[in-house]
C-alpha cells in the first residue's frame, strides 16, 4: 500500500537519511528499530510530508505518487502520523482535538463511528472530553495524540514511539489495540524503543543505522536474531538485575 | 441607565475596532500594526462612495467587506507568507511581522495621504436621535453596535461551532500539528488574516458614520485594538468582546461620574486588576 | 578579572571610536550635527531598550514614557537646580517608574507587559496633564538653557558609551546569565533558582533610567514642553523598530539598526517630502525581506568566523551582578 | 532668473497633520502660485520667482528642528515659513533665531509671549496672546447676558492638551470675573470622540451657555452629541474645528447660531475674493478663521521683502517689527512683535461665519444672536 | 528513624473539581532512591510539581529537612536544594550544552560562578556521556541527549533532592542500561532521588522502595518487590500478564 524508495533527507549539510526503501501493506504492522539519532523520526516525518526529501525519493501510496505532496494532503491520501512529542493542540479540548482528527475529507463520513472507536479504546478520553489537552497528564496526552490520528481513518497509521510515557498496563493495551486496528485492515508503521513488546506485536521490522536500512526481516526472526538481541532488545532486565 | 447604554454603545464601537485584530494576531499570528490604517482606509472609501456616488455606507459594506477580504488575502499571500515560511519560531515571526506591518503602516498612510490629503473628514449619516428607554442616542452608533454584536456572534459560532472554525483555532494553537490533521495551514492562516482585515474594514465603514477621521489617525485605533485584544486574551473572541464592553463601560462611567480626564487612568487600573486576578486575560487559558 | 582578549579589544575599539566621534561638532555644525544628535539619541535609547528587551524577549513600548519622565524632570526643576542634578532626578524618576510598572506587570508574563507599556506613555501624559490642569499653573513649560546642539551631542555620546559599558558588564554578570535563561524558558529559569521577577525588574529599571536620562538631555531642544510632545508614543515604536532592525542578540545590534535607519529615513524625507510615507513604507518592507536576520544577522553571516560560543559569559568573576 | 528659495517645515503626517493640511499647506500653495503668476517676488528691482522647499516634520519636535537645520545649512534657503502649531513654533524658535530668519507665526499662540519675544525678537505672533482668544467668548457671553438674552449659567469643557489648557487657564478666571456661574466643568483627552458623557453631564447641569475649548474631531463630536441629546443652550461655542467650512456643510441649518473661536469679516470683499481664489487653486475651501491668517503671514513676508528691497534677514526683521502690511485680514501692524487685532469669536449664519468679536480695532463685527434650538431631524 | 530528608504530609492539589493529588503522605530518607509510580494521570507529575514549587498545594505540608517548603516560589525551593527534570524535556534551546549546565550551577543550591561553575559543568557533562560535545547548541541535539543535559543541569545545583520525571522514557534498551547505570551511580554517591517512571525494569532494579499512586491517592508504599506484587497495583497499573 505504502511504498517508499530511495528516500533521502538532509538537514543543511547533515545527511540524516540516504537511499532508504521500505513498504507497508494493508493489515500489516511494521516496526522500525534503531538507535537514537539513527533517523527513524526523520523517516516518518518525510513520509508524512513534514520534512523535505532529496531528489530521487519516491513515495507511492495506493499506487499514486505522492512524493512532493504537502503534509495536509498526505493525510487525505491516508497517511496519519502521531509525531514525536505528540503535537496535540494544547489549548483546545480533548473533544476538539479528536474532532480535528476527522478534518480530512476522507474521514468525515465515518467520523462518528471512529469517535466511538477511539473512546472505546481510551475510555479516559471520553471522561475528559472537555478538559484542555495541555492539562492532561503525559500519558493521557499520548492517548489524545493516537486517538486524533485514528480519527482521520488512515490507511497507514504511523506512530513515533507511542508507548512513551504510557503505563505498563496501557502500553500492553495499546499494542493489543494496534493489533486490533491492523486486523481491521489498517497498515501500521511503528517506531518504538520498546523493541520486545513491539516485535511481539509486529509482523515485520526494519533496522536502521545512521540513516540507512541495514536489515529487514519478519518480526519473529528478528526477535531471534542475536545481533538484534544485543543491540535493540539489550535484555536490559537481565543485564540490570544483579 | 443613560450611562450604561452609552457605555454599551462605546463598548460596541471598541468591539468593532478589536475583532479584526483578534483574528489577525490571535490566529494568523501577525501582529498587524497597519490594522488602524486598514480601518481608516475603509473610512475614506466609505466617505468617497457616499459623498461621490451616493452609496449608502451600509450598502457600502457589501463592497468594502469583500474588497478588504481580497486585498488582505493578497497581502498575506505576498507579504506575510514569506515571513511565515522563513520564521524558525513564533518569536521570529512576531518580530518580522511587526517590522513588515510597520512598513505597511507607512505605505498605507502614504497612499491615503496622496489620495485624500491630511485634513479631517466626516459626513452625516443616520445622525438621528434614536431613543432607547427615554434617552436618545445616535442612530449611527446604535447601528454600529448592533453590527458589532452580529459580527461577534457570527464569528463566535464560526470559530467554536463549525469544523472550519475549529481548524482556524487549531492553526492558531499549533500550525505544525495542524498540518497533520489535513488542515491547509497556509490557506487557513490567509483566510483568518483576510477575514480579520475584512472585519476591520467593516468596522471602519461603520465608525466613519460617526467619527471624524484623517490620514494620521490609524495608530490610535491600532493601539486601542491591541489593548483590547490582549486584555481579552489573545485570539479569544469572547474575551475581546468582554474587554471591549468593560472598557466602554468604565470609560463612560468615569467620564460621567468622575472626570473625563481620568478615563485612561481608569483603563489602566482596570487592566491591572484584570492582570492581578486573571493573569492570562479574561478568558485566556492558563499556560501548562 | 580575566577578560578575553577579543572583548578587551572590542571595548578599546569602542572607546577609541567614541573619542573620535567626540570631535564631530568641531568639524560640522548645522544640519549634520542635528542628524548626529538624532542618531546619538536613538543609539542610546535603542541600546538601553535592548538591554532589557533583548534577553527577555519582552517588547517594551514604554520608551516614550521614560523619555517623557526625563524631559519633565528637567522641565519642572530647570529654574531651581543645575542641569547635572536634573539628570540625577531623571535617573531616579525613570528607575522608579520602571520598578512600579515592573512590580505590577513583570511577575506575569508576555503580552500583558507589552500592552501595558504600550499605553504607559499616554497614561503618564494624561496624568501630567491632569495634575497640571487641576493643581498646576501652566501646561506648557518653557525651558531656556544655554546648551547648544554640540553640548547635547556630547552628552548623548557619553550616555551611549555608559549604556554600552553597562550592557557589557551586565552580560558578564549573573544577572546577564539569568536573563538569557529566562529568555529561553521561564519555567526552567525558576526551577534552576532564578528569581525571574526580580531579575527583570532590576534590568527594566536600569533600562528605564537610561532612557529617562536621554529624555532629560533632549529637553533643552524642545524649548517648550507639552505632554503630547514629551510622551509621544511614536518614540516607543521607532525605538523598537530600529532595535529590531539591527537585531537584539548583540549589544551593538541596535546601533547598526539606528544609523542606517536614521540616515535612510532622513534621505527619503529630504528628497521626497511629499511621498515620504509611501517610500519609507516600501523601503522598510524591502529591508525586512532583504535582511531576514536584521542588520546584525547580515553582518554576522558576512564575517562569520568559527569561534567557540560565548565563552566570555563565564570567564569572569564579576561578582553578584544581581 | 535666480529663484528665491523659501523653506517650509510643517506637519504632513502625525497628529498635527490634520490642522496643517487644512490651514497651512494650501495657503503656501496658493501664495506661491499667485506670486509666481504675477512674475515673482520683487526683490529690489528684480522680479524673482519663488521656489518652495518643503519638509514634513511628522508632528515631532526632533524632526522639526532637524528640518530647520537642513533648510538653513544644507538648502541655505532665503526665507523660512515656520511650522504649524504652538509647540513646534516654540521648539524651533531658538534655531530659527540662530540663523536670523524672521518667524511669522500664524498658527500658534501662547501666554507669556512677551517674555518669549524678548528672548527671540525675530518671532512674530499673528494670533496674539492666547489670552485674547480665550477671553473672547467670555466677552460675547457677557454682552449677551447684559442684554438680558442669556442667563448666568455656563458649562465649560476643554480638550486636555496644550491648546485646551492654555485656553482654559485664562478663560475660566475670565468667566468667573465676569460673574458667570460655572455649573459644569471638565476636560477630556485629546483624540476622544466619544463625548456623549460630556454632553450628558453638561446637559444635566442645565446651563445657559456651553463653551468648549476643543479641537476638530471633538468639535464635531460635541456638536453632534448636543444635537442628538437635544442639548439646547442659548449660546453654544466650539473652538478649532468650528471654523472649518466642512463644519457648516456638515451641519447645514443646524449650524445657525453656533459660536466659534476666531472669525472673519465675511462681508469684506478682499476676504471674499481670497476665499474664491483659495478654492480655485487648492481645490479646498478656506476656513473661517485661520486660513486667511496663514495667508496673511505670507503676504507680510512678501511685503517686507518688497519694502526692504533685499533678502537681508536683519533688515527684514526690523521691517516686520515696525511696518504695516496690507493683507486679507486687513492692515497688520505688530506691537512689540505681537499682533493685537484679532477676531476672537464668530458665529455661523446660513453657511457663513461672521465675526462677532475681535480684539483691537478690527471692523465689521456683527451682533451675536442667541442660538435657536437644534432643528429636529 | 531520624528526621526524614523530605516529608510529604497530607498534601492535596485540586484543579477545580478534579483532585489530582488526594491527601498523600510519604517520607523520603536521606540517600534514598524512591520510585513513584502509578497509572497515567494518577498525579505523579503533579506531586513533583508540588515539591518543586511549580504548583502550590491546596492543603498539606511539605518539609525539607524539617523546613516547610510547600507553596514557596519555585526559585526559592530550587535554592534550598530541590532540582528536577521535566517529563517533556525542557532545555534552553539557544544556549550551548555547557551553558545549560552552568545555569544549574550558578543559580541553584550550589551558587557557583565563573571558572568553578564551568569546571563543574564540564565534569557533569562528561559524567552523563556528553564529553566533547560541550559547545554544541542544544537545539541541535537529539531527545536523549537533551535528557542528559537536563540531568546534568539538575545535578549541577548540587541538590538535596533530585526529582526525575520519566527521565528514562524513550530510551532504547541499550541506552536504558546506560541511563540506569547513571542513576545508580548518582544514587550511590548519596544523592536523594525521587524517580517517576513507567519502565518497570528500571524501578525493579534501581528502587528499594516504591510509592504507588492511583487517581490521586497513594495506594501502596513499601519494598518494591512486594509493592509490585500487590494485586491492586497489578490490576490498576501493571496489567496481568508477566511481561513488561
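When the chains are written out, they are named A, B, C, D and E in that same order, and each has its own residue count from 1.
Basically, contacts are C-beta pairs under 8 Å (C-beta built on N, C-alpha and C of every residue); 3 or more make two chains touch, one makes a residue touch a chain.
If you want to know which protein each chain is, UniProt gives these names: B = Branched-chain amino acid ABC transporter permease; E = Inner-membrane translocator:ABC transporter related protein.
Please read all numbers here as calculations on a predicted model, not as lab measurements.
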item	value
Intersection of the contact lists for chain A and chain C	B, E
Between chain E and chain C, distance of the C-alpha-averaged centres to the nearest whole Å	42
Distance between the centres, which are taken as Cα means, of chain E and chain D, whole angstrom	74
Rounded Å distance, chain A centre to chain E centre (Cα mean)	28
Whole-Å gap between the CA centroids of chain B and chain D	35
Junction residues of chain E, two or more chains touched	none
Residues of chain C engaged with two or more neighbouring chains	126, 129-130, 133, 234, 276-277
Shared-contact residues (touching 2 or more other chains) in chain A	135
Set of all touching chain pairs, with the criterion as stated earlier	A-B, A-E, B-C, B-D, C-D, C-E
Touching residues (chain side chain C, partner chain B) in the complex	57, 59, 104-105, 108-109, 111-112, 114-116, 118-119, 122-123, 126-127, 129-130, 133, 233-234, 237, 240-241, 244-245, 275-285, 287-289, 292
In the complex, chain A residues that touch chain E	33, 35-37, 84-85, 124, 135-140, 142-143, 161, 164-173, 193, 195-197, 231-237, 239-242
Residues of chain B that touch chain D when the two form their complex	2-3, 6, 9-10, 13, 109, 113, 117-124, 127-129, 135-138, 210-217, 220, 251-252, 255-256, 259-261, 263-264
Chain C-touching residues of chain E, taken from the complex the two chains share	52-54, 73-76, 78-79, 83-84, 86, 90-96, 99, 102-104, 106-109, 113-115, 117-118, 135, 137, 153, 157
Residues of chain B touching chain C in the complex	33, 79, 82-83, 86, 91, 95-96, 98-100, 102-111, 113-114, 219, 223, 226-227, 230-231, 234, 259, 261-262, 264-265, 267-268, 271-272, 275, 279, 281, 287
